[in-house]
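Shared chain: subunit A. Partners: subunit B in the first complex, subunit C in the second.
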Partner chain A sequence: MDDLQYFKDAAASNEWSLIWPEISVGLLALSLLVVEMLVPKMKNRLVPMIAMIGLSVITVTLVLSWVGMGVSYGESFAGLLFQSGFGESMRLFFLLGGLFICFLGYVTLQGRAIPRVEFFHIVLVVTAALMLLAQSNHFVMIFITLETVTIGFYILVSYFRNQPISLEAGLKYLILGGLSTGLLLFGIALLYGAAGNPQLAGATAEGLNLQALRAFLLNHGDHTLAVAGMLLVLFGIAFKVAVFPFQIWVPDVYQGAPTAVTAFLGVCSKAAGFALMIILVTRTFNVETMTSITVPLLSLMAIFSLLYGNLTALTQQNTKRLMGLSGISHAGFLLAGVVAAVHVDWAVWAVVFYLFSYMFSSFAVFGVMAFVEGKNPGEGEELIDYTGLYQRSPFLGTVLGIGLGSLAGIPPLVGFIGKALVFIALFQAGLYVLLLVGALSVAISIFYYFGWMRTAFFGDGPDTEKDYPAIEVPLPKRVPLAIIAGITVFLGFIQVPLAAVLGL
Partner chain B sequence: MLDFLFYFLAALTLGSAFMVVASRNAVNAAMFLIVTVAGVAGLFVLLGAYFLAVLQILVYAGAVVVLFLFVIMLLDDGGEAKVKPTAVSIGASLAAFMLLLLGVLSFLGGPELVDTGAAQATETPIGANLQEYGRQLFSVYLLPVQVAGFLLLIAMIGVILISKRHQEEALEE
Partner chain C sequence: MELVEYFPILVQILLAFVLAVVILTVSQIFGQKIRRSLTKDSAYECGIPSEGKSHTRFSVKFYVTAMLFILFDIEVVFLYPWALAFRDFLAAGIPILLPVLFFIGVIVLGLFYEMKKGALEWEK
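Take a look at the complex of A and B:
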């Protein structure tokens, strides 16, 4: 073939303009390094500002582009990516997530003798990779974006390199992350091998492309190699989203990581895993021979995650560990939503809505944690450090109350709507056992979320004033927290804006 | 001849892989790992994937294992450590072995493995020859290559960040 023609054809299929948000975020990340070199004196103030303003501009432009031009659908990059309403909403999700993590990082890193610029750079690169991941349609794309995310997290978790607990968390995450990557890769290889076997009818050399793989699985969904590969891929992702029995790393890593990174890990990394779950379980492995395995298996994992996360969180005194363990139960809810989505089409949007509601509510809580914690490792992380928080800072107390209430699923807040949607989806899919366990676990979770709230609002300690000084939050730093808390309340009453974005 | 080569290389790979686990000296284990990697490279050559074979030697035998050796020699843990197998490790190994056995058994006699000679892939797989590999890498797979560039960038920054003993940064707010 003529070489020039070959490259012309390939170039024509690479529609770079479709991924302008990811390219902009990547360029923004690079520009931070340039700023550090050009104005080293100003970098600590300038860099977070540039990162946050840049991300806000990209987010607003993305939403405006939907209004102006609509959402594009279909394959691009010769099948590497697949544009859809789901991918677009996850793009918005990760942009908002990255934006708030930059703010949290700004708060957490302030006043510490630690490099700043690299934090924002890595957060931006990871954000761009997450956005691509949600639109992937090809195992090469999935793997390379997931690895970019994971490697970014290895660095971020051990970011406080002068604190042994942070390094220990980084090492644990590195080893278990490596294991999960191994499982995922092995599964991909088995699927590719099964799909490429020329002895089978309908074999394809494009086994890495999800659509081609699905076409193969329609005929050979019960093939041993394919089933083994599918299971390994799902287990590899289960590590990332931390559902039972792959949750073992959560408490230590969440505790050791800097608070901003804990929030990033708990919200965006989890959401990435669930975006993959949705792409794979409901779009690729949704052939009858495979759903007969995935539905019972994932249901069981969801049930155990719901129970394990809530029961272990009951006695937890460290707030970061508590958020991690309760995050496992939220992962159980999300997994239940994914299972429902196998049979009920709109349940995908219930999962996405739950992800958004989980993001806003947990960011409210993590935002408060970033202000309460001290500069030394472990300082201000225990539940007892929240004694009388409402008296010490009415603003932080209110935000914490809203966030925790929403996580627990109390009616006027957005968390309630998210849980209600998942329950309706489960009911329609006929998964009554999951529904029952979900309702039970909501009841358990209210217990520990309200315990935290009681400490913060009514405070048990005798000399509250003496032991726990008031916390001053300057006005500019109140704004993002107030916005997050406002959205959490607002979406609880009126879901139209988010529903319009999601196309519900 | 090809059959003999395959069995020879497979035995070499498996034998040396076993020795990696079994040898008590860390340096010896790393050396056996090189043999394992070379054996796998030989198997790639038999499959016609010459480029993969070269990469296997260059990257794994040439760089990764040498790095292992550096670390082992720098650490110098002083002689042979005796690690007794625990109940958990024995159980885990047995479980892994049973799974492997199950996998092998489930394919023995399967219809797709009866006639290996006739199977010929119609399309050239990626990585079979260097030219096709490069062509695909810089046309169809250009986007993943770009992402990989960012991956390497943050990996590099991360290594510097975590390993460098940075001065106390001036605190300006």
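Take a look at the complex of A and C:
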């Protein structure tokens, strides 16, 4: 019975203890529904608390387990997962991201006649899927986790179902998301078909396994079907990370989605795409015949993303659209880092560091946006609504200043270090054109980030006659924002903790 | 497979295309010519003018019931091959009972959740 032996080996490689964080997050998500079922009266207070406390406990335990037992390496689950330092750091990234999104969701959903529990449930399920995605080593795993994430996002984007703008955003995301999934699937099918062609030497039936696929591509990297498949897969992911020319959905979807979801989409969904890019571009498609295509192509996409994002953001008056458009330029930076990682090994860590720095700085900005915005659709989202924010709430003004400064890459904030690392990687990889465009786009981005800051701090907006009320932020809600802003400043000076986490 | 071996598929595609073109042209040439008018172009509903919207709305209860049906249907679909492989797997010492119990447990939890949420009460 050869079949049984196969199942036996597969069952033996199921090391469930390796994915305890994902299992815990999934069980936490289920327990939220149980809590709602058992104590329906207290759910609005209890459920966000349980979600946040649970995620914090899992995050701390994960970090402690690294200290205690070290990071495990290698394949598990019959080659579906591949544990590595990269996967572990992305796990931490998504846990922290999910944690802060729960807080943002708590702030955004307060005082609205919208069900709460489902929001936290979906955020947790998506977080678990994101964590698995970063460790996947098999196209089936990649596709299933990516779909779990994307379907969760379809619901989350249109979460304010009584607001037409949110529904419109959801529909646009659904259609373009479906298109990108189609591209990705078609690419996977072509790669699998090419790798399984028995007429080619070194054909493999395990073409969905990334290592087996790479072994095949070493010999047949110039095979037409394989190249077409690789391009389609990369384009499918490019939709998710929103790099040029697959960025057209970004402004509308970001504007229509609830602020917490915009932050989730802008940070975690983008990071998931780049985790996949790193897994695929630097570990799977890194055979010479393919890098001769991917490096120029992705460089070009990065250059156009940098320019497109920054130039369109220059005149943007809506803060959510502005964050989306500037996010495209950040995606350009990250893509440049991925390209550099094809040549320079440590550039992977530059990308991861940039992702962390982007997460902390954008969460600072999105956190402030969640407090400034009003309960009606589109209320408090324009740049004018930030007039004199520092005078209205010194705390929010400071956090916003730190976040925007870090996004712009002003030393000594963490965003500066992230950009510097990517620039060094680009220099070492010899990609001087990308380096030049990157530096130019930093200069452009300073215009709109500082314009926003000027409105918030000196308040010489066009409409100074209007009365802007002070914003009160209660102490418990200040703590997470203060922590995020604190990390943004702290990591700008001392990178040792994050570097230790990343295994640098 | 060589590209030549896909030739029958190409023939089939062409055949479908040609057939469609032929049928449309032939019926255009030999078919009866009628004068068009508003009445003749309108939708025919047993000779009676159509009433109401073409897209009527259904209660969400139908969808909930259908979704729940699919959910438990899938569970049963999973259980059949599981039952077939159960004995062989146990003999070979492969864990098979606990994973499926976990799976059923999650589904049962979902069932209780639906009951508590009132998804199964039709009159509500």
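Here, the second predicted complex is superposed on the first by the 490 of 504 C-alpha atoms of A that agree within 3 Å, B and C clash if a C-alpha of one lies under 4 Å from a C-alpha of the other, contacts with A are read in each partner's own complex, and residues count from 1 in each chain.
As a working rule, a residue touches a chain if its C-beta (ideal position, glycine included) is under 8 Å from a C-beta of that chain, and two chains touch if they have at least 3 such contacts.
If you're wondering where the values come from, they're calculated on a predicted model, not measured in any experiment.
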Quick one: subunit B or subunit C, who's touching more of subunit A? B
With the two structures laid over each other on chain A, which partner does A:Leu18 touch: subunit B (first), subunit C (second), both, or neither? neither
Return first, second, both or neither, reflecting whether A:Phe7 touches subunit B, subunit C, both chains, or no partner chain. both
Is A:Gly111 touching anything from subunit B or subunit C once the two structures are fitted on A? First, second, both or neither. first
Going by the contact rule set out at the top, does A:Val34 touch subunit B (first), subunit C (second), both, or neither? second
Subunit B and subunit C footprints on subunit A, overlapping residues: 7, 11, 197, 199
Subunit C residues within the subunit A interface of the complex: 1, 88-89, 92-95, 106, 109, 112-113, 116-117
Of all residues in subunit B, which touch subunit A in the complex? 103, 106-107, 110-113, 115, 119-123, 125, 135, 138-144, 147-148, 150-151, 153-155, 157-158, 161-162, 166, 168-169, 171-173
Enumerate the contact residues on subunit A facing subunit B in the complex. 6-7, 9-11, 13-14, 19, 26, 29, 41, 44-45, 77-78, 80-81, 110-111, 113-116, 118, 121-122, 125-126, 128-129, 132, 140-141, 144-145, 147-148, 151-152, 154-155, 158-159, 161, 170, 196-200, 205, 224-225, 228
Which of the residues in subunit A come into contact with subunit C in the complex? 1, 4, 7-8, 11, 30, 33-34, 37, 197, 199
